[in-house]
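Below is one structure, written out as structure tokens; comments come after it.
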Amino acid sequence: MQVNDNKEFQPLIVAFCCNWCSYAGADLSGTNRLNYPTNVKIIRVPCSCRVNPMFILRAFQRGADGVILCGCHPGDCHYTSGNYFTRRRMTLLFSMLDFLGIERDRTRVEWVSAAEGAKFAATMNEFTEAVRKLGPNRRLEDLRCRKQ
Amino acid sequence: MQRIGVFVCHCGTNIAATVDVKTVAEALGHEPGVVISQDYQYMCSESGQNLVKNAIKEHNLTGVVVCSCSPRMHENTFRKAAAAAGLNSYMVEIANIREQCSWIHKDIATATEKAIILGKAAVAKVHLNAPLTAGESPVAKRALVIGGGIAGIQTALDIAEAGFDVDIVEKNPTIGGKMAQIDKTFPTLDCAACILTPKMVEASQNEHITIHSFSEVTDVKGFVGNFTVTIKKKARFVDETKCTGCGLCTEKCPMKKVPNEFNMGLDNRSAIYIPFAQAVPKVATIDPNYCMMMKTGKCGVCSKVCSAGAIDYKQQDKFIEQKYGAIVVATGFNPINLDKYDEFAYNQCPDVVTSLELERLMNAAGPNGGTLLRPSDKTHPHKIVFVQCVGSRCDDSKGKPYCSKICCMYTAKHAMLIREKYPDTEVYVFYIDVRTPGKNFDEFYRRAVEQYNVHYIKGMVGKVTPRSDGKIDVQASDLLANEQLHIDADMVVLAAAIEPDKTARPLATMLTTQMDTNDFFTEAHPKLRPVESATAGIFLSGACQGPKDIPETVAQASAAAAKAIGLLVKNSITCNPCVAHSNELMCNGCSSCEKVCPYGAITYIDKEFRMPDRTTAVRRVANVNPAVCQGCGACTVACPSGAMDLNGFSNSQIMAEVDAICK
Amino acid sequence: MQEAMINRAKQLLADGSVDRVIGWKRGEFVYDITPAVFTSAEELDADFVYDDFTAANVSKYLVKESKKEGKILAFLKPCDTYSFNQLIKEHRIVRENIYVIGIPGGPKLDAERIKANGITGILGAKNDNGTLIIDTVYGEEKMPYYEALSVKCLNCKSKKHVVYDELIGEDGDILDSNRFDMVEKLENMTAQERYDFWREQLSKCIRCNACRNVCPACTCEKCVFDNPDSGVENKAATDSFEENMFHIIRAFHVAGRCTDCGECSRVCPQNIPLHLLNRKFIKDINSLYGDYQAGEDTTSRAPLNDYKQDDCEASIVHERGVE
Amino acid sequence: MNNDTLIPYIGVVTDIRQDTPDVKTFRVVSPEGGKVFEHMPGQCAMLSIPGVGEAMFSITSSPTNKEFMEFSIKKCGCLTTWLHAMDVGQQITIRGPYGNAFPVETDLKGKDLLFIAGGIGLAPLRSVINYVRDNRANYGDVQVIYGSRSMDDLVDYKEIIDEWMADAGIQVNLTIDNPQEGWDGHVGFVPNYVKELNPSTSKTVLVCGPPIMIKFTLAGLKELGFTETQVYTTMELRMKCGVGKCGRCNIGNKYVCKDGPVFRFDQLGELPDEY
Amino acid sequence: MLKISLDKLGKLFEAISASQTLYIPTDREDGAAEYKKYESGMKLSNNLNTLRSAKDFFFPQTENLVDFKMEGKNIEVIDVREESEDFVIFGVRACDARSFTILDKVFLADPVDSYYKNRRDHGTVVTMACTRPAETCFCGTFGIDAAAPEGDAACYSDGESLFIEAHNEKGQKFIDSVASLLEEGDAAKLDEVREKTRDILKKLPLANLTTDNFGGDKLNEYFNSDKWGELSQSCLGCGTCTFVCPTCQCYDIKDFNTGHGIKRFRCWDSCMYSDFTKMAHGNPRLTQLERFRQRFMHKLVYFPANNNGEFGCVGCGRCLSKCPISMNIVKVMKALEVK
């Protein structure tokens, strides 16, 4: 359930979803009326491999508190191999962010198929909660962008 | 700066019940560049679309944002509407405020707030949209089928049937492939040759089909609709056009000790040969490794006896280049090499044979004229042991991890045929599982067990030892009875795993198609696009894609043909305009993008540039073929300089969306 | 060594095998050596230097130099040959125009490390059995030789030349280096400690771009950070975020391509241990995707341009090490 | 604290005129009405849309116009594209005036003047021409030679026809590069036209246009007997601060934004060849 | 002259920092010195000079100039300037002290840069005479006496005490504010120390470097020298020299969209960068040769031409030790000199 208590910290979650699986999965969770928090804002990309690490850093710079990347399950990529590249890229990027002391739970990769509306909603609920626990992103924000 | 129109859909109450659409339209109306912002009951309805069209004309809009249901629903609807109003259809963006907002949220205030943000992101993106035009590329009206087995033949026939020219490239002197070697087919036990050879003849006589036998593909250039293929016609030292296939040369050839490939080396052929009686083309071929004339310069018998004057000892390999619109891969399979299987004594004992060898031993055109005799002493075997899964479902490096699929059924067939013809022969089949999913398959298997009393034993054969008395000691375990068995067999038949033909791997590289770790071609989608490769214009037919029996092969062959025809009927193909493109001024030529492209859409060209200091320099730069690129964007991230970008999902567009969402 | 190099270079110039020589030119002091192109025996005799302070990797210059007319002789240390190979692999240099002579490498001395010991007025330095004896304006000073070594030489990964047309001196071996020790030490800190460590280090950054401009992997025609159209252009570390951003993205862009030559840390005027970022990627790649040494060959697929179907999931990051 | 020159004023765009396919002229006033600041002919101002960019443009209106300033801007980059897309009523930021001016009150006073312009190069000269027209008594003969690629590319064509050509006090010679339907005037490149017209060497010349045109015009003028001290031009270089501090427009010991943009050719000759 | 015992320096710093912000050079973990805001217990560095120059105090690497808010067609200009607080920079070396004079000539020239002036007005520069110059020092070349630095007030150490003298009103005010800690001392020993320092300065490797050949009069001659190609060939085009240089003052002005407004900021820029002079339709300094030449021409020729022969270099030696490829102004001067 979504809580709209103003006192509670409302994290901003940016979700990159691949067009073929995860975006469809998100649509399905909508069709099935499966709730997840309004904190999650989805950006559609053709394939998870389109997501440049710069986009993720950009989101953090601009005030996102968590970034999640969703794509087809390994082996199911519409473009056959895109998500395999995504997996390596993101593993290394997240590892680097971790190395720099950025909280690990602010980033995640999840494979969500077009049939997994329930998984999509559950993932978003879970991820939002995890980020909420961490509190506002302070280690990778740009002070100039902080909302007054 | 764009002039943007925003259209917020109520979707009846689907959106309007949870999202305050008026507030959304009002808020988005204040975004920079937005000149009109409206809401409407059903934006996708005709009157809704007219609203959009009229606004485009009236306000001279350069961009449109529709806040509605998922773009997967109506993106196309609004793109068409925009195009009808004279706006480039790629200047339309959808903000998904139904599936990803109104339907999942309950609180109007927060849902409205989110809908506004999603709308702002779409507006931010549209600001950076550029009109895109789908390119077109012509289609060469000719197909190439690589492989002349039943898969290739069926595909070629179907394509020819539709009226398109099609070439078959077969590496062997004749088409026919594995099916030509098979005696009977399961589960009907009809004669393989009887159903195959008419198809071979049909192929050879079809005016649309050209058969390049004894030929190989050596180079493939180009892309969907426009492949240029180089085919090597290997020298067969016989002029195909002159040879009548009378066979006199093969009779007179003094060199008769050449292992006969067609009969799996179980008998011999001459140095000049026609693989089998129904070969297509029925043309002789000289094997230069054995021909006396070729080796010593002394002989020339065939040349003397050939009344057609077809023999040409000086013939050279010939290369032909041809343009094709579509390519079908039908390179088939082979049983794996069993040299490593010492435990089955395959290399030590001639009476341990593979199933394909057994086919030849039982075939009327085979080495024994159809009588099943032991290769060693030409006696009737009375006890035959079949070993299943030799190299299939195997964890170690000797074998294959997959199930070869056809072995269970052909072994049942063999067992049944032997029991039918030689009822005094005892037949044992050692299996891990018996897999019989298929029409009439399980019935067939049960007949072998119940009607023909074949001894099916669940268990593994541990060791096969040829004995000095000519018998073969088969040590095995019966897992159900939980006991060790020793069988004194006369023959052992190994159901060797099948693997893709060795020529497939280099071919895949030429075609820039994907293969799995077992060298089977990877289909574009395992469920929805099973006969297409991920590379546009390349289709897959038969066992090159995975183990298959004959009916499956033929079904896939026809499916591949249908897909190829679907491509060939088009005069040109419309390309998806949302493709990658490289900024040549920034490209380093490092090849990173090429490495991650699943479609081989990126090539490198050396291009001359005017440098800022007015000199010229030749630089290696990436070039994306828009007809081949599918727009995944893998290259855009692999490119460190950011030279590679994706139309419709550009770096700046996605970052603008991020910015808008995080604002 | 220097003598042998000059002689061989003169020979090759004289017999027309090469037209130019890229090497190093002596400076005002013992340590301020500048990479330079020589075209004549006279120039070589006058200025060519190769000694304990000659640390610069000249392979990147070949991107430009090899595209000029004529052939150039390049003297490459073992570590430089890895960069060279990587550049070949990425089609950045024209191999035919280069004649490579492999020369023995370090360890090299770093004047900054000597100065960090409070020694100033340096006029000369020599190694005496593990003690560096430094001649200064203020008299003779001593310090442990080891402490004066360039950071990039402390964890040398290889003394083997992976490419050369000829060698002067003997080829060495790939070493079993402890280069990941510091990375590991950081990995074992808490996230807060790591954050503090890097904040202190990266906040020193003055965005001079020396690390990028010296890096043999950073040969982009136009760097994203210089390109106003890239959306991430930044010229100054205006905010701590941009300090992070620049170094993360730079390290990511060279991940799987960085040969660990150590030039970034060598040239950093603020002594930021930038090589640790690259090494972190190298260490991760080795442990997650199998050992890979960029520049070892010219044909293998870079780890980020490759995949295996059973690669680990990104969640591995969440599961290992110290939170 | 005093106002700093780096902090801009607000200007409101009150009129946008499409002069040629890629040149628009923008009229700018202060939000309270009237000009944002005073200037002299040849001076420049920094216009900006915050977040998009800031660039230096010469002020094309004459200082004698007391109501507004005008800028003729060619679409060529990010900011100019934005400016071309905007509607009337848009606010922009403006700071200046920057640079020197044509010496209309000193060296040019009392002189016969010859203006030579090519394409958008008319923009800075238009300010001087109108200034001279409004102070006609202070100057001798006035001749304008102006050329462009085509009829459509002649900036301010309407003003040229309606006002300048109707003004008995000045002589206007127009030319276009290639023949065109509906054009019965001169056809040919500006430098050649100048030679053809063979103006008197007593004139002081103000020239502005693309670098290649300036180069050939100067050569032509020299052939006709003009000396470099008689010819003025105005330069364009990348500028940021506008006050000679940021270092960008430095040529030799001059800063174009502060010591220029107007230079006499003999002064330019002393500078290193880096512009 | 007033003095304070060296072991009481801490007390002096405490006293200064009680009334205003104090910056002193202090040693970093890596052995380099940098200016830090004084906090209790902080030790004055023994290093000759700081890694970064002291120009940051008056001309920081980045600073916000003005903010904008955009709303529809309207723009709001927000002046973000604030009066600087008073501060003291302690321990500035003679070279850096001179760099302020050079920066003043740029930023305080009409029109005055209010951002710079604001900090300049509020900052007191307390210099420290050098006693152990390094091999890279060549301040003498530009007429700077390392043993007698400029600044609002100057300090000299004789090994036991620190002597302080004011050079102007601001310096005097500073001394007055800490007068209670100071005592009158005998500066006799100072001359000895100073002479010793000057002796060392004379023996430095670069002691004989002169500017006799340089200046504004031979502008084109230097500009067209054929040495530039060779000198610039290994230049990486990075900004290290520029950014560690106490006198380099080129800057860029850029806008940053924060999502809720535009921040216009300026940041250091470098004439060594390829895009420094790049315009939509070309670049007057196309190759690194031109950019390299610009930097040195500016310091050795253009600047003196506009400033009565004063050079744009103070001989601090930072670029000598920091250039990644060890190319620097000394090598340039020597190469051009030969001609």
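In this document, chain identifiers A, B, C, D and E correspond to the written order of the chains, with residue numbering beginning at 1 in each.
In this section, contacts are C-beta pairs under 8 Å (C-beta built on N, C-alpha and C of every residue); 3 or more make two chains touch, one makes a residue touch a chain.
All figures in this text were calculated on a predicted structure; none of them were measured in a lab.
Chemist: According to the touch definition, list the chains common to the neighbour sets of chain A and chain B.
Modeler: Neighbours common to chain A and chain B are C, E.
Chemist: Listed by label, which chains are in contact with chain B and with chain E?
Modeler: The shared contacts of chain B and chain E, listed by label, come to A, C, D.
Chemist: Can you tell me the least number of steps between chain A and chain D, where a step is a move to a chain it touches?
Modeler: 2
Chemist: Averaging each chain's C-alpha atoms to get its centre, pick out the one most distant from chain C.
Modeler: D
Chemist: Report the chain whose CA-based centre is farthest from the CA-based centre of chain E.
Modeler: Farthest chain from chain E, going by C-alpha centroids: B.
Chemist: If you tally the C-beta contacts, which comes out ahead, B-D or A-E?
Modeler: Counting C-beta pairs in contact for B-D and A-E gives the edge to A-E.
Chemist: What whole-Å value do you get for the distance between chain A and chain C if each is reduced to the mean of its CA atoms?
Modeler: Inter-chain centre distance comes to 36 Å.
Chemist: Whole-Å distance, chain C centre to chain D centre, using C-alpha means?
Modeler: 51
Chemist: State, to the nearest whole Å, the distance from the C-alpha centre of chain D to the C-alpha centre of chain E.
Modeler: 40
Chemist: In whole angstrom, how far does the Cα centroid of chain C sit from the Cα centroid of chain E?
Modeler: About 30 Å, centre to centre.
Chemist: Residues of chain C that touch two or more other chains: which are they?
Modeler: Residues 224, 231-232, 238, 304-306, 309 of chain C touch two or more partner chains.
Chemist: Residues touching two or more other chains, restricted to chain E: which are they?
Modeler: Only 70, 252, 256-257, 259-260, 269 qualify.
Chemist: Of all residues in chain B, which are in touch with two or more distinct other chains?
Modeler: Residues 596, 638, 651, 655, 659, 662-663 of chain B touch two or more partner chains.
Chemist: Just spell out which pairs of chains touch, all of them.
Modeler: Touch list across chains, by label: A-B, A-C, A-E, B-C, B-D, B-E, C-E, D-E.
Chemist: Can you list the residues on chain A that touch chain E in the complex?
Modeler: Those residues of chain A that touch chain E are 62-63, 142, 144-145, 147-148.
Chemist: Sort out for me which residues of chain C touch chain A in the complex.
Modeler: Per the stated touch rule, the residues are 183, 186-187, 191-199, 224, 231-232, 238-242, 244-245, 248-249, 251-252, 255, 277, 280-281, 284-285, 288-289, 303-309, 311-318, 321, 323.
Chemist: How about chain E: which of its residues touch chain B in the complex?
Modeler: 70, 72, 257, 259-260, 282-283, 286-287
Chemist: Mind pulling up the chain C residues that touch chain E in the complex?
Modeler: So the residues of chain C touching chain E come out as 27-29, 31-37, 56, 61, 111-112, 115-118, 120-123, 136-138, 206-210, 212-214, 226, 235-238, 263, 266-267, 269-271.
Chemist: Using the touch definition up top, name the residues of chain E that touch chain A in the complex.
Modeler: That would be residues 256, 258-260, 263 of chain E.
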